[in-house]
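The following blocks contain the structures, represented as structure tokens.
Look at the two complexes coming up: chain A is in both, with chain B in one and chain C in the other.
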Partner chain A sequence: MSVLKEKIAQANFQALELILGAQPRLVDVAPALEVVPGMTPNTILHSAPAIEWDRMCGPHRNGIIGAALWEGIADDAAHAEQMIERGEIIIAPCHHHDSVGAGAGITSASTPMLVVENTSAGNRAFSCISEGGGLRLLKWGVYDEDIGKHLSWQAQVLGPVLRDAVRASGGIDIKGIISKAVQMGDECHNRTIASTSLFLRALLEPLLESRGDSPELLESVRFLVAADQFFLHGIMAAAKAMLMPAAGLEYSTVVTAMARNGVEFGIQVAGLGDQWFTAPANNVEGLFFRSEWGHEHAVPDLGDSCITETIGLGGFIQAAAPTVQQYVQGNMQQAIANTLEMQQICVTSNNDVQIPAMDFAGAPVGIDIRKVVQTGIAPLIDTAITHKQGGLIGAGQVRAPMACFEQALKAFAGRYQ
Partner chain B sequence: MMPTTATVTLPEQLVVINVGLELFADTLREQQQTVTHVQWEPPAQGDAELLDMLDALL
Partner chain C sequence: MGAQRPEIPLPERIRQANQEALAVFQAAQPVWVDVRPALEVLPGMSRNTILHAGPPIAWEHMCGPQQMGVLQAIMYEGLAADQQSAQTLLQQGGIVLAPCHEYQAVGGMAGITSASSPMVVVLNRDRGNYGYSQLFQGPAGGLQSRDHYHGEALKQWHWLANVLGPALQTAVRWLGGLEIRPLIARALEMGDECHNRNSAGSGLILRALAEALFASCSDREQLRQTLAYLSWAEQFSLCVSMAAAKATADAVKEIPCSTVVTTMARNGVDFGIKISGLGERWFTAPANRVEGLYFSSEWSDADAVPDMGDSAIMEVIGLGGHAQGTAPALQQFVGGSFDRAVGLTREMGQITVGVMPDFRLPNMDFIGVPVAVDIRRVIQTGIAPVIDTAIAHRKGGVIGAGQTRAPLACFVAALRAFHQQYS
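Right after this comes the complex of A and B.
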């Protein structure tokens, strides 16, 4: 083996030690302005990669304007647009602020954030709390008066209730929740009902301890019990926290972030720092929730939620979540074949995430750009389908575009060869 | 002399693994057949520059 290949092998081994050795814990819930690095009262974050205002997809534009109205930064939509164009409202990707956002990923100063600490490395990552179920949410790029009221309730009631309970818990072990949830039929991206249930179980005693029989607690519990996908955002923040220590690791070819903005798909690679490698995002194949909706209404692939695939969950372990196959008219054989395929592009397997239907095989983890280019196998991502004008309209799966990995490989060769 | 043609009778329950072009899998799915598709492409899609890089890096 050449010296260069040996250095890459060592760096990738170290990257996987950092990722798999991470211990992500939910330690706090707080407004973005208080905890997110670089956050300001007039900053609005969106799902990565960065993109100019006039090239943004509908859900991003609507969501950013909605957040500006909700925060009281702008008087109306036209005013918000003027402020954005003048630079008076700063727009930036969540990833550039150690955060991740599902769907449009809209995060503003007052947004309650889940604070996840990777206690192995001491770094923190953040994600907005889930708005709950429903097709019309700010995260899907929709805003109106009712959505604004719900966001205010989350900021004023739910956020503080969760904050008190999470602090009283002494921190909630997210890695343990993921391990159990995968054995209960979650792939931890399009299906998180098991992980959400396990999270609520961990939170039950601290909720009662911290808030007793207050009306705010009852309201919050009613919301949480109805929100099947609530903990996806906690898993996303955990994934980001797990991957951050590997970012910037010299000679490593492991992917440290994947994200989509509805126009472009982007990846970051450990040995190439914070540079994004982008290509046009693909269309999501799957089930549309109403017969009147089809591909012509959908925006291409959108959201930071594929940070879950970046740590080997979601589309990488479809075999763990048979129900998710319903979105793509799939079957168990195909789900297993997909997971075996993902093994071919990963550095190793994760024994903390075992797939019962594959004799408890560990999940594929550590996407290696060299293997992606060599095999022609693009990462498979479970994801939602969003309407061009905003709103959730379906769910399914999508491939990352190969061009991102080819560009990254060329940049890697240029830097290290 | 007329050319002979062989007739193949397929079993009622097909078990199909499709490798490469997904169009063939899609066609069978449209006929309600169960297909397991395996994505396959030539290494680096045959790109000589990328293949050279892979030789050095992998």
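Right after this comes the complex of A and C.
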């Protein structure tokens, strides 16, 4: 083995030790301004990679304007736009603030954030709390008065209730929830029903303990019971927290972030620090929830949620969640084949995430850009489909564009050879 | 009277009757509507009646766990002060011992159910009949001395009757009932086969009850204990599913000419079945051993009671062993594999009349679970129903889990009786 190859092998081994050794725990819930590094009252975050205002997709533009109105920064949409153009509202990717946001990823100062601590390395990552179910959410780039009211209720009522319960719980072990949920049919991206159920189970006693006599408790419980995919955002923050310690690890070819802004798909690679390698985002193939919707209405791939694939969940473990095949007219055999394919581009397998229908094989984890380029196999991502004007309209799957990996590998060669 | 209708040949009458039986399984709408003490709800229940799992069995022939449970129930109900006088009372005929199944009820493991036992009440809205199950009596933990067992059981039974039972009662009533069928369908999508694995179902029930519990339970300590129990008890949904299965299977009874199994139950000595076309007659054979995994190395086959409990009602409605394909986790108990689990589900397809279309198995491209065991097919193929089950210690307590087969001899006896009645 050449010296470089040997160094890469060692670095990737170390990267996987950091990622798989991480212990993500939900430790707090707090407004973004209080906890997210670099957050300011006039900053609005979106799903990565970074993109100029005039190139942004509809859901991002709508969502950012919506957040500006909800925060009371701007008087109306035109005013918000002026402020953005003048730089009075700062727009930035969630990823640049140790955060991840599903869909449009809209996060502003008052947004209640899930605070996840990786207790192995001591770092923290953040994601907004889920707005619950429904097609019209700020997360999908829609904003109106009702959505604003709901966001305010989340900030004023649900956020503090969750904060108190999470603190009373002493922290909730997200790694354990993921392990169990995968045994229960979640791939932890497009399906998080079991994870959410396990999270709720862990939270009920602390809810009673911390808020037993408050009128807010019942409305919070009612919301949490109905929001059956609530915990995706907790898993996303956990994934970010697990990957952060590997970022900047010299010589490692392991992917530490994948994210999409509806226009471009971007990746970061451990050995290349915080540089993004981008290429045009692909269209998502899948099921549209209403017959009136089709590909012509959809924005390309959008959201930071593929941070789950970056730690070997979602599209990497489709075989654990055959229900998700219903979106793509797939079947069990196809799901298993997809998981086997992802094994070919990963460094190792994760024994904390075992796939029952594959006789408990560990999930493929640690995407190696060299393997992606050598095999021509691009990471497979389970994801939602968003309307060009905002709104959730479907779900399905998509591939990461090969060009990001080719560029990254070139940059890697330039730096290390 | 006019001319007699031309006689329909028996095979055709059986085919029609079995299709009718299948339709009744498929149409069942079990709804959890209440929790009430056995005395208030079980038809024919009395203060000195004690019910047990499985087919009928005399006191002196009962296995260890059932004998212990019966003595405990006599003392718990205040019918005798100690074990000695409880035994005397039994010998004098002062206690009515009967199967749960004959009181529209089912009981997991030993199945001991007495007048004060809080019962899950499930209404089958399709036919208007009820099914009942105890809220697991326990203690199910490790092996204990007899005195320890009786002490723990007394505490646990009082807690069930005074804390958990009333909390669930108010919550379920507050909800106006909980549909069990969609809950089972969803649990199947989440890796439960709904007999040995109930992690998803128990989580779903807790979620379904959460708002009702917070809204209806005014005693904070009672609520805390209830939430703690439901958060911990990963097998809780089984007792609800069993009552739902009983309400479903009872509706299939007494269809003339049907060769479909309506009951499978075990008392640790005998395995018994009932057949729709043969009404309430039991057909029994010695219960098989359970092959599986012991939870501690101190236990072995020598400690285990043969197959026990009414929980095989889950297999009667197409779950448990029939649905193994969805729960590969259980293969760990028997050193199996996913292929083996799928194979068993397919095998059950050979001895059943049809499928439950809404009980789908995602791992098997969403086929419905095979339901309605036909005794003729069991005999023709030599394939006995496979049953997922827990393993009980001879002296009480659950010590393992695995699977077993129904003994073929019950089916042979039932088929003979069927020919006598219908040929």
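Basically, the second predicted complex is superposed on the first by the 416 of 417 C-alpha atoms of A that agree within 3 Å, B and C clash if a C-alpha of one lies under 4 Å from a C-alpha of the other, contacts with A are read in each partner's own complex, and residues count from 1 in each chain.
Going forward, a contact is a pair of C-beta atoms (placed from the backbone, for glycine too) under 8 Å apart; a residue touches a chain by one contact, two chains touch by 3 or more.
What you see is a predicted model; the values in this text were computed from it and never measured.
Enquirer: Where does A:S252 make contact in the superposed view: on chain B (first), on chain C (second), on both, or on neither?
Expert: In the superposition, A:S252 contacts neither chain B nor chain C.
Enquirer: Touch check for A:M402: first (chain B), second (chain C), both, or neither?
Expert: Only chain B; A:M402 stays clear of chain C.
Enquirer: Identify the partner contact of A:K410: answer first if only chain B is touched, second if only chain C is, both if each is, neither if none is.
Expert: first
Enquirer: Does the superposition put A:T348 against chain B (first), chain C (second), both, or neither?
Expert: neither
Enquirer: What is the contact status of A:G185 with respect to chain B (first) and chain C (second): first, second, both, or neither?
Expert: It touches chain C, and chain B stays clear.
Enquirer: Is A:L208 contacted by the first partner chain B, the second partner chain C, both or neither?
Expert: second
Enquirer: Now for A:L4: first (chain B), second (chain C), both, or neither, which partner does it touch?
Expert: After superposition on chain A, A:L4 lies in contact with chain B alone.
Enquirer: Considering only the touch criterion stated at the top, classify A:Q374 as touching first (chain B), second (chain C), both, or neither.
Expert: first
Enquirer: In the overlay, answer first, second, both or neither for which of chain B and chain C A:Q229 touches.
Expert: A:Q229 sits against neither chain B nor chain C.
Enquirer: Which chain A residues contact chain B in one complex and chain C in the other?
Expert: Residues common to the chain A contacts of chain C and of chain B are 331, listed in rising order.
Enquirer: Considering the complex alone, what residue numbers of chain C touch chain A?
Expert: Touching chain A from chain C are residues 186, 189-191, 199-200, 203-204, 206-208, 210-211, 214-215, 220, 223-224, 227-228, 231, 327-329, 337-338, 362-366.
Enquirer: Can you list the chain A residues touching chain B in their complex?
Expert: 2, 4-5, 8, 253, 329, 331, 333-334, 337, 341, 370-371, 373-378, 402, 406, 409-410, 412-413, 416-417
Enquirer: Taking the complex as given, what residues does chain A use to touch chain C?
Expert: 180, 183-185, 193-194, 197-198, 200-202, 204-205, 208-209, 212, 217-218, 221-222, 224-225, 321-323, 331-332, 356-360
Enquirer: Any idea which chain B residues touch chain A in the complex?
Expert: Where chain B meets chain A, its residues are 29, 34, 36-45, 47, 49-50, 53-54, 56-58.
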